[in-house]
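Same chain, two partners: subunit A is paired with subunit B first, then with subunit C.
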Partner chain A sequence: MDFLATLVNHSPALIIAVPLLGAFLTPLIGKINGKVRNVFVILVVACTSFLIALLAYNVFTNGALSADAVTNNIQTYVFGAKDIGTPAVRIAFEVDAMNAFMALIAAILPLAAVVYSWAFMKDETGQDKYYTLILLMTAGMLGMMLTGDMFNFFVFLEITSIATAALIAFRIDQKYSVQAAFKYIVISSIGALFVLFAVALFYGQYNALNMAVIGDSIKYTMLDKIALVLLIASLALKTGIAPMHMWLPEAYGRAPSSVTVVIIGTTLGSLYAMFRMIFTVYGKHIWDLGKTMALQLPQLLGILLVALAILTIILGVFMALKQSDLKKMIGFAAVAEIGYMLLAVGSAIATISLNESGVTVMTSAGQMALKGGIFHVLNDALDVGLLFLVAGAVYFAAKETSLNKLGGLARNMKYTTVFFLIGLFAVSGLPPLNGFASKLMIYESTYAINPILSIAAILCSILLLATFVKVFHSVFLGPKIPKFSNVKEVPKSMLIGMAIIAVIIIFIGLFPNLIVENIVKPASEALMNYGLYLGGI
Partner chain B sequence: MLEFLDPFLKTLQTDSGFWNPILWGFAFVIIFLIAYIIRGFGKQAYKEKTEQTKAFLSGNPEYEKEQMHIKGSNLYWGFMEIMKFAYDKFNKMHNGNTGDYVLWFVIILGIFFIVLGVL
Partner chain C sequence: MIYNIPYFAVAALILIGLYAVVFKRNLIKIVIGITLIESGVNLFLITLGFRENSVAPIHTAGTTEKTLMSLPVPQALTLTSIVIGVAVLALMLSLVIHIYRHYGTLDVRKIKEVDE
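Take a look at the complex of A and B:
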């Protein structure tokens, strides 16, 4: 077996091991020199991203790099006992197209963040701790996205939460940072404990922790219903879905911008977990209609999710519009964006029904909504991520984030202004950038399901555009303000960090079909064909 | 010869519609050119740095440039006033109290349990 195939075979383990080991080596390397440490961290993240790219390519192509490792577009990696017959003292990573899709997002964000951090954090103390925590958060986030084990998911969720809370409070001299971190850790701990409770309910009933084994055994008893409720509600809390979203703008707004970019990935990791639980662990009962229930589960669940999604979009957009702090405003916009993904996926679930032949199907509009929702996960991560990096650049240059005090920065920060415009166009769903393609898919499909949903989504998107026009006017346009006359463009590493994301946004915007056909469609099919995942172990 | 470009140029089908940014780009350029040509038919008598270019603020005096920048919270004032009834409620929700955040979680947990567990 050649080196590349071996690397691909072990990539699920290496993707976690490399940043984890890197995290604990960082303080040691920091003793040598700050620059050496920064290079080391960038190399660790770049290496992780490369491994993710290899794994994703192998999964999407069903084994082009290593045919032995992949079956039915699923790559499994078992830590511990290999055979199912032995006592199941083991953890399995099961990577299908959906996991690979999420891991690709997690490959981009930390890379942009650490490159950006080089200059952004250069005057801060405690950088060894900062980079250690960033790498720990990355390892935790990737673990959440790749694991096929419920308890292991909980462990990675906790690793991510603790690292994230510490990073939100990184600027400990600012009291609001500590306050936001405290709120985050309270909310995260509650969410994680309810996830653990659900895991215990599964283990008590089925003597299993593996998602595929649980999904195969699940009977939809009252305990399973309770576990479903606990999982959806707690993961919705971790994702920042309204009315449980209040922690999110504070956490996003108070953390250093380079950290916020990675937190976006962890938030989307929780959203992915919710989709995995609904479509795979409870897949049998989502897709097996008309046998056990008077009222069908997909319709009930779909309507609930859509209602929460609309509430999330409206609250996010309205609150964003009134904010006068740049980062908090983007935080509320991020809440609204999560609503769009949930709207699409909730609508897709609601369309699952029996056709004339008595077979359970998701309608064509539902399938399009699911694809649009998944596509929007990628777009949201990039668009909101870029806007936060721009906000960080504004803070770095002007030491100010109040929209009432800023103004005229486009004169001094030309590149940052261009990056902001790219983010503005993308997040508001303006053509030709990536946000337009995914929102178009969501609008069209939800219109076919219920026009009111689509109309509400479009109106809120217009308000989102108005919000960012306000930011553009307040921060970048207008006459030169004396206080900011000496403001200079941010250093190159920060520009490169923003450019990494901006280039990907433009690429996806120009070639959306390439992304949808090769990455998004396999991911949505992986969610719909739950049987393949259950049979993967 | 240029077959490798095919995947890049394919149109995204969205059930009832489609989206092709390359086509949109061409359309944008054509529309821009048409608009530019129409602009060329405008008055040639426009003179820079004369009374024509001075700001007219309903008869009010023009302040120094630095003072003329409209601050963020002044934008959309009318919208905020009309939607005050909603904002009053939204502001009460966002009170910064962690206990209230947890309460919302408990409420959602209860709703989900009633809908999914009992119905």
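Take a look at the complex of A and C:
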């Protein structure tokens, strides 16, 4: 068997193992030299990203690299355990198109973050710990996105929260970062504990921890309803959906910018888990309306999610309008962006209904909305990530994030200004950037479902643009301020970090069809055809 | 009825924990609330795995008689969850120490006053 096929076969395990081992080697290598350590960390992350790319390619092409590892676009990895039937005790990683799609996002963000950190963190102490935690966070995030086991998901969720909380408090001498970190760890450990409670409810009934096995045998009893509520509530808490959003702008705003980019990935990992629970674990009861007609679960769930989403968008945008701190403002914009994804997916769930011949289907508008929502997950990660990196660059150069004090930076920081403009246009959905492509899909499809939804979404998007134009004006334009006359352009590594994301943003903006057809469509189909995932184990 | 007592304990622990997290002003009490929720969830897991008159699932050579064994998975889950809980607890307490250093108080209301 050739080397590449073996590598692809074992890639789900390696994707977790490489950053995990790298994390604990980092302090040792840091003893040699700071530069060697930075190169090592970048190599580890690049290696992980390469493995993710291999795995994703293999999954999307249904086995172009290693045909025997993949069936129906699902690659399952069981860590060498034998199938002993029931009880299903194996821990399995099950990677379908949706997992691969999320992992691709997780491949881009940490890479940009560690490249950016080289110069951004240069003068800080405790860099060994910083890089260790970043790699741990990456490993946890990828674990959340790839695992097919409920308890395993909980473990990775906790690994990610611990590493994230420690990193938010990285600037421990600033009281606000410690406070934000405490808020984050309280919120996320409560969220994770309720996920564990839901897992225990499943285990008590079905004697299984595997998502596919649970999804296959789920009966929708009273306990399952409780578990569904617990799962959605706790994962919404971890995703920062209003009214449980207050930790998110704090955490995003107080963490070092390079960390924030990775936190965005972990937040989206929780969002992915919510979709996986709804569409796959409860798939039978979402899609089998014919048998359980009285339940009307999709409508109920869809309307609830849409209501939360609209609340999230409006709250996020209006809070962003009144912020005077650059990073906190982008944090609220990130809250609003998560609302868009939830709006699209929620309205897609609400359209599931019986057609004339008695088969449950999602209407074509719903399918479009689902695609738009999934596409927006990728775009949001890139756009908000880029904006945070720019905010970090502004802080690095001017040592200031207050919008009232900053001004006239475009004179000295022309590349950063361009990157901010790209992020601004992308996040507020202006053509020809990627935010436009996915937001247009969301507007179009939600208009077909209910015009009010799309009107609210467009209005908030315009307000978001207004907010960012105001920020652009107050940070980069305006008269020269004597205090900032000596501000220099940020070092190369930070520019490269921002450029990695900016180039991908422009590429997706120019060729949205390429991405939608090849990556987003399989991912949305993976969510809709839950039977394939259940049969994959 | 007697077998349901652990479930009542689980509900009580989780609700008391949630009450502490939501309504208590002292950061240490919030941390205690979280550990209470965690204990409740752990107790729930371990109760699910309990079978009356069962033995530990260890196969010894030569035994042929059938005995009732309890599945070790819930115990393993609980153990993992306890270890994670300790890590979270340590991290939370260290953050509380740092908050105390910055603000000189652990009262949430007073911390808010200092911020304004």
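Heads up, the rule we're going with is that the second predicted complex is superposed on the first by the 528 of 537 C-alpha atoms of A that agree within 3 Å, B and C clash if a C-alpha of one lies under 4 Å from a C-alpha of the other, contacts with A are read in each partner's own complex, and residues count from 1 in each chain.
Rule of thumb we're sticking to: a residue touches a chain if its C-beta (ideal position, glycine included) is under 8 Å from a C-beta of that chain, and two chains touch if they have at least 3 such contacts.
Keep in mind the model is a prediction, meaning the values are calculated, not measured.
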| message | Between subunit B and subunit C, which one contacts more residues of subunit A in the superposed model? | response | B
| said: Looking at A:A166, would you say it contacts subunit B, subunit C, both, or neither? Reply first, second, both or neither. | reply: second
| said: Which partner chains sit in contact with A:V516 here, subunit B, subunit C, both or neither? Use first/second/both/neither. | reply: first
| message | Just checking: does A:F182 make contact with subunit B only, subunit C only, both, or neither of them? Give me first, second, both or neither. | response | both
| query | Thinking of the overlay built on chain A, is A:L209 touched by subunit B (first), by subunit C (second), by both, or by neither? | reply | second
| message | Looking at A:L235 after the superposition, I want to know if it touches subunit B, subunit C, both of them or none. Which is it: first, second, both, neither? | response | neither
| field | Which superposed partner A:M368 touches (first subunit B, second subunit C, both, neither) | value | first
| task | State whether A:A92 touches subunit B only (first), subunit C only (second), both chains, or neither. | result | neither
| query | Counting only touches as set out at the top, which of subunit B and subunit C does A:L321 meet: first, second, both, neither? | reply | first
| Does the superposition put A:F151 against subunit B (first), subunit C (second), both, or neither? | second
| request: Check subunit A for residues that touch subunit B in one structure and subunit C in the other, and list them. | output: 182, 186, 190
| task | Over in the complex, which subunit A residues touch subunit C? Could you list them? | result | 87, 89, 151, 154-155, 158, 161-162, 165-166, 169, 172, 175-176, 178-179, 181-182, 185-186, 189-190, 193, 196-197, 200, 203-204, 207, 209
| said: Under the definition above, what is the set of subunit C residues touching subunit A in their complex? | reply: 14, 21, 27, 30, 34, 37-38, 41, 44-45, 48, 71, 73-74, 77, 80-81, 84, 87-88, 91-92, 95-96, 98-99, 102-103, 111, 115
| note | Residue positions on subunit B within touch of subunit A in the complex are 7-8, 10-17, 19-22, 24-25, 65-66, 68-73, 75-76, 79-80, 83, 86-87, 90, 93-94, 96, 98, 100-102, 104-105, 107-109, 111-113, 115-117, 119
| task | In the complex, go through subunit A and note every residue touching subunit B. | result | 182-183, 186-187, 190-191, 194, 222, 225-226, 228-230, 232-234, 236-237, 243-244, 246-247, 250, 295, 297, 300-301, 304, 308, 315, 318-319, 321-322, 324, 364-365, 368, 402-408, 431-432, 436-437, 440-441, 444-445, 448, 466, 470-471, 473-474, 478-482, 509-514, 516-518
